[in-house]
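See the structures that follow.
What follows is a pair of complexes built around chain A, which joins chain B in one and chain C in the other.
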Partner chain A sequence: MRYLKPSSVEEAADLLESSQGMILAGGTDLCVYMAEGVVDPEALIDIGDLDAMRGIQAAKSDHGDVIRIGACTTIAEIATSEALPTCLRQGAQAVGSPQIRNLGTIGGNVCNASPCGDTLAPLLTLDARFVLRSSGGTRTVESGDFFTGPKQTVLGPGEILEFIEIPAASCARASAFRMIGNRKGQAISQVNAAVSLTIADGRMSDIRVAVGSVAPIPLRLTKLEGVLDGQPIDDVSLAAIREPVLEGIRPIDDVRSTATYRQEVTVSLVFDAWAECVGRASGEGECR
Partner chain B sequence: MAVIGKQTRKVDGLELITGQAKFTGDYRFPGMVYGAVKRAGVPAGRLTGVDAEAARAIQGVVDVLTAADIPGPNLIGVLPPFDQPLLAANEIRYAGESVALVIAETAEEARRAADAVSVSIEPYEPILTMDQALAPDARKIHETGNVTLSKKLIKGEIEPAFETADVIVEGTFETSFQEHAYLEPETVCAVPGRRFTLYASCQSPFHIRGHVAANLNAPASSVKVIQASTGGSFGGKDDVATEIGSLACIAAQRLNRPVMIAHERKESIIGSNLRHAARIRIKTGAMSDGKIVARQIHVLLDGGAYASESPFVTMKTLIHAAGPYRIENVAVESTSVYTNKTYCGAFRGFGVPQVTFASESQIDELAEKLGIDRLEIRRINGLRAGDPNATGQVYDQSVGLLETIEEIAKQPAGSEQTTDDRYVYGTGYASVAQGISNGAEGVDVTGASVQMSQDGSVLVGIGLTELGQGSRTVYALIAAEVLGVDVDSVSVRLVDTDAVHDSGPTVASRSTTVGGMAVHKAATEVRTSLVSMAALMFKTDQENIELRDGFAILKMDDSARIPIREVATAAYWTGFPVMNLAFSKAPDANFDDETHQGNVYIAYNYGTHRMDVRVDRRTGEVDVLNHFAAHDVGRVINPLGLEGQVEGASLMGFGLAHMERIRYADGIIQNANFADYAVPSIKDRIPTTTIAVEDPNPTGPFGAKGAGEPPVAAAAAVFANAIADAVGVRFTRLPITREDILDAVRGRDDG
Partner chain C sequence: MMIRFHCNGKPVQVDVEPNARVIDLLREDLGLTGTKEGCGRGECGACTILLDGKPVNACLLLVGKIVDREIVTIEGIAGEDGSLHPIQEAFLDTGAVQCGFCTPGMVLSAKALLDENGTPAVEAVEEALSGNLCRCTGYGKIVEGVLEASRRLTEGQDRGGG
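Let's look at the complex of A and B:
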């Protein structure tokens, strides 16, 4: 196996194009797959410490003002960045252990595309866009279009996730994330959920609800969003969201949980995340 | 007491937390090579061939061994007749079975090459459940059949007693396999030479030495086993350490190079013993005043592919199944069976957690049926000094069960409860007794040496191992107390089989009790020399001398004192022995083999726990709000060490009760990693408060009794009882997971 260390994202894209290699950033998923023999790449292309691919900053994109996150920004940095919306920070805080968060990257969490990835539902609710780099240039994909199946994405051969962009408008919304795993620390989500919304005059708008680990890909619950849109917050109850949540998800039994448990818990997590959003949206001057 | 009973930090704590301690995997020797095994991958079959050609072609590979390459009998085990091969020769009995050992220049090359070994196995229909194993026409996993051991305990006559009973409760309870999950997976390093040196992360070095020597076909005295610092064991580094220790030595002999074998986590789960899964049928009869008149219990233990410690665990469940109660009529039958799964053996608690869960669940059911308070029913039936227990053994002291109940009864009520209908709250109680020492499992002898140098410092040697439980600190405290020096001047050496005496296995909560007695005895002999010398120096009689604070002191004049180092120097030059090797032998067990009536253990640790829980009705999540654990430990040697043992053991019991389940599919473990097998994390720790009851035990040093195992059983049982109280549903299977709890909540709400 060759170990390649490009000095720029362009060089990384060229190496990826010209080899049968795989991109290595934090390695917290890839190294497990390699140890298990799931993958046996001809080369590892280590982009983990490319400075140009790290960091969180305000930027202007074709779509307006955004917060731009380098794909190699560590989960630990995401988890502690005051510049980022609450749900994304909370999602990052839920990933693995301190060691995993220090090594793992948000780009890795996205490109690994596990339905249980804890930053994915937050990114969906924030209308995030992914900037993909190849030797032919860049293209931008909506987060909602990126995931195509478990561990499957629209990334083409030779493409690298370079940046994640979160529209400034999304950052203005209140948001929250919830997850449940098989224990309280260092757990993989059996279900996770993120909500973002705006409240004006006691009514909700701009609602986004996304859930993970209850379908082959992280999902937006558009039916539920439609039900809630424009409603007064006082009308929302656990019972009221139950049907629209259950209609949107397709959980399965696996080694981590059962479909039935996932159904029940999804309703609860969505409700709790919603309630936290409402609490935060009602608070003044707090970080959203 | 000068040091006994005082809060003392672990004597080896600093070297461990600063990274100075050397674990087996830290050793490096010139020319060292690495071993990895090829495992069967199927649960049952006949091995028809091993093709290592592709493996040998891999860069770095220096040797491949199969069963034919083992010089000795190719057998290990805990009890004769040993039934477990180092490398399978014919039969494949579980999927983790080692078939070939590959040696290579690096660990990675060895692992890759092991994967490249091709094995041919004609599969059998695997026997995956105890019912399949016990079916009359079942295929025999071993020539002796599928029953490892079946024993009966009979006290009184249960049938007439059940007829007189006012109430009878019956039920069947099940528990799952549990993994030890120590931080450090099993590791050994063999260094060849005129004699063999084996560095090992292990629990019982003399046991390893015997098996290594036998499988090398060499005398035991040609093998030296050194226990490196060991990152946990909990019963789990006995069989497997003999397996990989023997393999490493055999390979080292062939190659004349040092060989290291270090298990990866997955191997540590699939290829070394687990806690027995159990199915326990239990029936209890009581009078309307709460007095239990009879208990009948059938215990079935799934022991997996090999005997390992199954026979001893069978005995332990037999003796403990009826609980810490005065019951005149008891019948227990306990049976361990072979199945085509990872073998089961020793695991902290040793069968007692399984039967205690069943027993204590039923005590609560009985209390409910009779309308008697749950602590009161334990009070009514709890063993007191002078009461015959289930084996008819009577202790005239150190039976502190009732005191543990009273300690629990006086703890403050639980914290405030929200009125939110999202949460339900519950409180559970459970009592336990756990035998200390090998007892029914065999003769119990420990050898310990104590020597004082001329500078007054003390070196203690003992054949029992420090595994994180704090035993070195206990020995240091005992020696320091006897010799009148401070703990810092005592060193307790690592176990080197050349330098310490065979002390049997480090098991059965026996280190403090039996090992501590040997240290006490040896230290007392050295003390006699010092006191004799000091008496000569003071020109007085020995009874006028005391050893304290590092001085020999004249009792009638506290200011008349000679530093112990001067006494030690004088004693040495006078020819008084300042070193002693002492043996402590526990009184032999003495019981009827048909009824198991008689004297079994030198003492029991008794305990009572209370746990308060809050259950989230939406998710089944449980918060443990309070956990009080009261244990009669005879005498506290080190309060900090005791807390560590009680908290750690309780968390293991909590894991067994709530989170941990080895998942099999077709005989293959599906969750052999810590992502999918949920051992509690630091965030899952429970708020255990340790309460010590001290009812001195005449067979232990300063009255002490072991404490490392009993809280596992009590914590598992108390969790089940607390959840039942909160949810209003009795759970009959461990673990009781969030899913199980949510199912029950919803079922009850719907009903």
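Let's look at the complex of A and C:
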């Protein structure tokens, strides 16, 4: 196995194009796959040290003002960045352990595309866009169009996730993330949920709700969003959101949980995340 | 391939494949067997080392990633005369060690925490140790050991600083 350390993302894309290699960022998933013999790449293309692919900064994109996150930014950096919306920081904090968060990257969490990835529901509620690099240039994909199945994405064989862009407008909304697992540390989500919204004169708008681990991909609950949009916050209750939540999800029985349990817990987690958002939007604590 | 990095404060140069795991480099090539391999999947934390001061799993770390960087293993925290680190002393005094297999990882996770936050609350200690499993299990005593180490290190600083 060759170990390649490109000095730019362009060189990384060329190496990926011309080899049977795999991209190595933090390695916290890839090293497990290699240890278990799930993959045996001809080459590893280590992009983890590329400074241009690390960090969080305000930028201008074709779509306007954004917060741009380099794909190799570690999960620990995401969890502690004051520049990022609450739900994304909370989701990052829920990933793995301190050791995993110090190595693992947000780009890795996205590209591994596990239905339970804890940064994915937050990214969906923030209307995040993914900038993909190949030897032919770049293209931008909406987060809602990126995931196609468990551990499957629209990422082509020669493509690398270079940046994640969050519109400045999304950062202005209140947001929150909740997850439930078997234990607090080092647990994989049985269900996770993220909500972001704006409140004006006691009514909600720009509401986004996304959930993970309850379908083959992390998904937006558009039916629920439609029900809540424009409504007064006082009309929202567990009973009121139950049907629209259950209509949107397709949980299964697996090693971590059962479909029935996931259904009940999803309703509660969405409600809890919504209530936290409303508390924050109403001026309790920080502005987002 | 010749790889250079710093280990426990000393420069190291070793001929090893860059896609080897750091846990194997430490144990097999450098004879530093204080770092334990438990699960080999990044779940148990027995192989915890510090990479530029931050705790990471040596079983998930490839040698190519430590080039020109600084790692610290459990062998690197004792004094030059072989005296134990205050965290190790506190672990002994509070009964935080049972079988000892998780202890090197626990001590290094504790060190990373105390280097950043000298007076952590119980919740911060539990969070810092959340990637280290103990199956004996002495979590209560281990948390107590970290808090005791925090007290001793803080007192030491107070004396030193006048």
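By definition in this document, the second predicted complex is superposed on the first by the 285 of 288 C-alpha atoms of A that agree within 3 Å, B and C clash if a C-alpha of one lies under 4 Å from a C-alpha of the other, contacts with A are read in each partner's own complex, and residues count from 1 in each chain.
Everything below uses one rule, namely that a residue touches a chain if its C-beta (ideal position, glycine included) is under 8 Å from a C-beta of that chain, and two chains touch if they have at least 3 such contacts.
For clarity, every value in this text was computed on a predicted model and none was experimentally measured.
The superposition on chain A brings chain B into a clash with chain C. In the superposition on chain A, contact is made by A:255 with chain B only, not with chain C.
Using the contact criterion defined above for the overlaid structures, shared-chain residue A:268 touches chain B, although it does not reach chain C.
Contacts of A:182 after superposition: chain B is touched, whereas chain C is not reached.
Once the two complexes are overlaid on the shared chain, A:37 sits against chain B while remaining clear of chain C. In the superposed model, A:27 lies in contact with chain C only, and not with chain B.
When both complexes are overlaid on chain A, the residue A:1 reaches chain C alone and has no touch with chain B. In the superposition on chain A, contact is made by A:102 with chain C only, not with chain B. Taken together, the two structures place residues 184-186 of chain A in contact with chain B in one case and with chain C in the other. Residue ranges on chain A touching chain B, taken from their complex, read 37, 180, 182-188, 238, 255-258, 260-261, 264-265, 267-269. Across the complex, chain A is touched by residues 115, 618-621, 659, 663, 670-671, 674-676, 678-684, 738-739, 742-743, 746 of chain B.
On the chain C side of its complex with chain A, the touching residues are 1, 17-19, 21, 40-43, 45, 48, 51, 54-57, 59-62, 64-65, 109, 112, 126-128, 130-133. On the chain A side of its complex with chain C, the touching residues are 1, 3, 5, 24, 27-28, 31-32, 35-36, 44, 46, 48-49, 76, 96-100, 102-103, 184-186.
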